[in-house]
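Read from first to last, the chains carry the letters A, B, C and D; within each, the first residue is number 1.
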Amino acid sequence: MIRVFVTGGTFDKTYDEIEGTLAFTDTHVSEMLRLGRCQVDVSVRTLMMVDSMAMTDDDRAVIVRNCLTCEELHLVVTHGTDTMVETAAALAAGVPGKTIVLTGAMVPYAFGSSDGLFNLGSALSFAQTLPPGVYIAMNGRHFAWDRVRKNREAGIFEEV
Amino acid sequence: MIRVFVTGGTFDKTYDEIEGTLAFTDTHVSEMLRLGRCQVDVSVRTLMMVDSMAMTDDDRAVIVRNCLTCEELHLVVTHGTDTMVETAAALAAGVPGKTIVLTGAMVPYAFGSSDGLFNLGSALSFAQTLPPGVYIAMNGRHFAWDRVRKNREAGIFEEV
Amino acid sequence: MIRVFVTGGTFDKTYDEIEGTLAFTDTHVSEMLRLGRCQVDVSVRTLMMVDSMAMTDDDRAVIVRNCLTCEELHLVVTHGTDTMVETAAALAAGVPGKTIVLTGAMVPYAFGSSDGLFNLGSALSFAQTLPPGVYIAMNGRHFAWDRVRKNREAGIFEEV
Amino acid sequence: MIRVFVTGGTFDKTYDEIEGTLAFTDTHVSEMLRLGRCQVDVSVRTLMMVDSMAMTDDDRAVIVRNCLTCEELHLVVTHGTDTMVETAAALAAGVPGKTIVLTGAMVPYAFGSSDGLFNLGSALSFAQTLPPGVYIAMNGRHFAWDRVRKNREAGIFEEV
């Protein structure tokens, strides 16, 4: 059994056709799992729907507490890419003994050209096979939480 | 470095608009890796483009030989689902010491509703983390080659 | 008010993931009208779901009778491309005084690369503006029923 | 022969994956015509790529001049929805004797859920069949330029 916690991020941005802007409504994770015909036992819970640039210390405390207190030992956290590394550090400090994989997308799932479905399939797989620890899984790669940074110019995660 | 061998299957079926039938042209794997913004070093080679129901022993020998002789130790093989288990057995008999993950799709990638991108992200991740052996990765799960069968009524792979 | 009669054809083919073949289930026309955020008053009714190569004289009689007896004066008929011209001739012989536009698709709507949505928007527009008569509307063009044939090699409709 | 002038608008917004914002790069109109397998003789020219809220009187003068001086008598202008009515009025004042159809989209074409392809098929059809004049074609309907307004709360165009 894998627990998926949803926190928002590019992954879940949609287009608000009245305002003509990007916005959050509901998460697409359940729809994505259906599309992937996911046969893994997954339980999805939305903790928040925020742009990771707007994520506060209180928000991170909510994520840490949920990862700590849930029964599952294998977790995926969907998250905006801009502060994914900070949340990974908070999880590493606060949640021992579990395999936690943070993932996200460079392009919203609701766009035809999103990497989200690829990343979700990848993150669920790493969550099943990596030893306990906190990881970031993006675009086919996985990184230990303290060996990664986002290269904002290139739009990719890279090892440090 | 991961080697991807393409053999066809539902994954790569397209719609022939002149004939009004399903057909094979080129593989979609490279396009899918671009969509997934894949940052893993992947080398793709098409071995054949066949429906797995039509795959012969000679075809399987070609797949085994290529997996055996290539330099890479981590491999993904895209394959039709109907005889994926047979090819996995041939690989287990013929290619020791490598991590080989077979994957495919229940719905062609060219269809909007395909599980292909999810499966490809998953297979590439399992190929990086599972110990040497031959596996089938479909719909978020992975199975050892001798512990799996396709349930054709349900359209899923299951443990035996 | 426009009446849309659905008869099947490539437009509505789907992929049967258990059988691995093309098949018909329900029509996609209502979903397409939602996607097009259609503001025209449209009433959709499915008459049959058949490949137009398999359409019989009885099937055509059903289409003619429905077009003749419905209240609306502006009609769109979705239809397979292979025998669209034959059905157009039957409608021209049997339904005077109405604007009837037959349309279809070269690629199923359920495929990402379909021309269906473009054709549906086009057919609904021609149905509102052309004088009474029977027409075929495909790929942006419209043809009088007795001035058109399908060029099967090229996969297009052309004037004769 | 139909001339299509591109001016930007929601139609052509894309997602900038480095900045995480909506942006303009190139137009999608040519790609959309390919997807629609458009058989009408269409010539596409990009005049500008702007959000219609940012469109100036000078921009409108450019559009009017191009519509006036081009050879074609049947024109489609892609345009943001927010000031589409203003540009239609400018065209009605400045370009006599041609059929000009303005169209756009409520959701960017690059999003899977866009009405753009439906609207483009519709606009090209109205441009072939309506008498000289300036029209707005959105979501299956067409309106004379002086009988329409955008209802911003509902996100639709309606007759006045």
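Following the convention adopted for this analysis, contacts are C-beta pairs under 8 Å (C-beta built on N, C-alpha and C of every residue); 3 or more make two chains touch, one makes a residue touch a chain.
Remember, predicted model here, so these are calculated numbers, not experimental data.
Q: Moving only from a chain to one it touches, give the least number of moves from chain A to chain D.
A: Graph distance in the chain contact network comes out at 1.
Q: Chain D and chain C are one sequence twice: same or different residues at the contact, by the over-half rule?
A: Chain C and chain D contact each other through largely matching residue numbers.
Q: If I average the CA coordinates per chain, which chain comes out farthest from chain A?
A: Relative to chain A, the chain whose C-alpha centre sits farthest away is C.
Q: Starting from the mean Cα coordinates of chain B and chain D, work out the distance between those two points in Å.
A: That pair's centroid distance is 44 Å.
Q: Could you put a whole-Å number on the gap between the CA centroids of chain A and chain B?
A: Chain centres of chain A and chain B, defined by C-alpha means, are spaced 26 Å apart.
Q: Quick one: which residues in chain D touch 2 or more of the other chains?
A: Expected reply: 106, 112-113.
Q: Could you pull out which chain D residues touch chain A in their complex?
A: 10, 15, 17-18, 20-22, 51, 82, 106-108, 110-113, 152-153, 155
Q: Give every residue of chain D touching chain C within the complex, in rising order.
A: Chain D residues touching chain C: 32, 35-40, 42, 106, 113-115, 117-126, 128-130, 137-142, 156-157.
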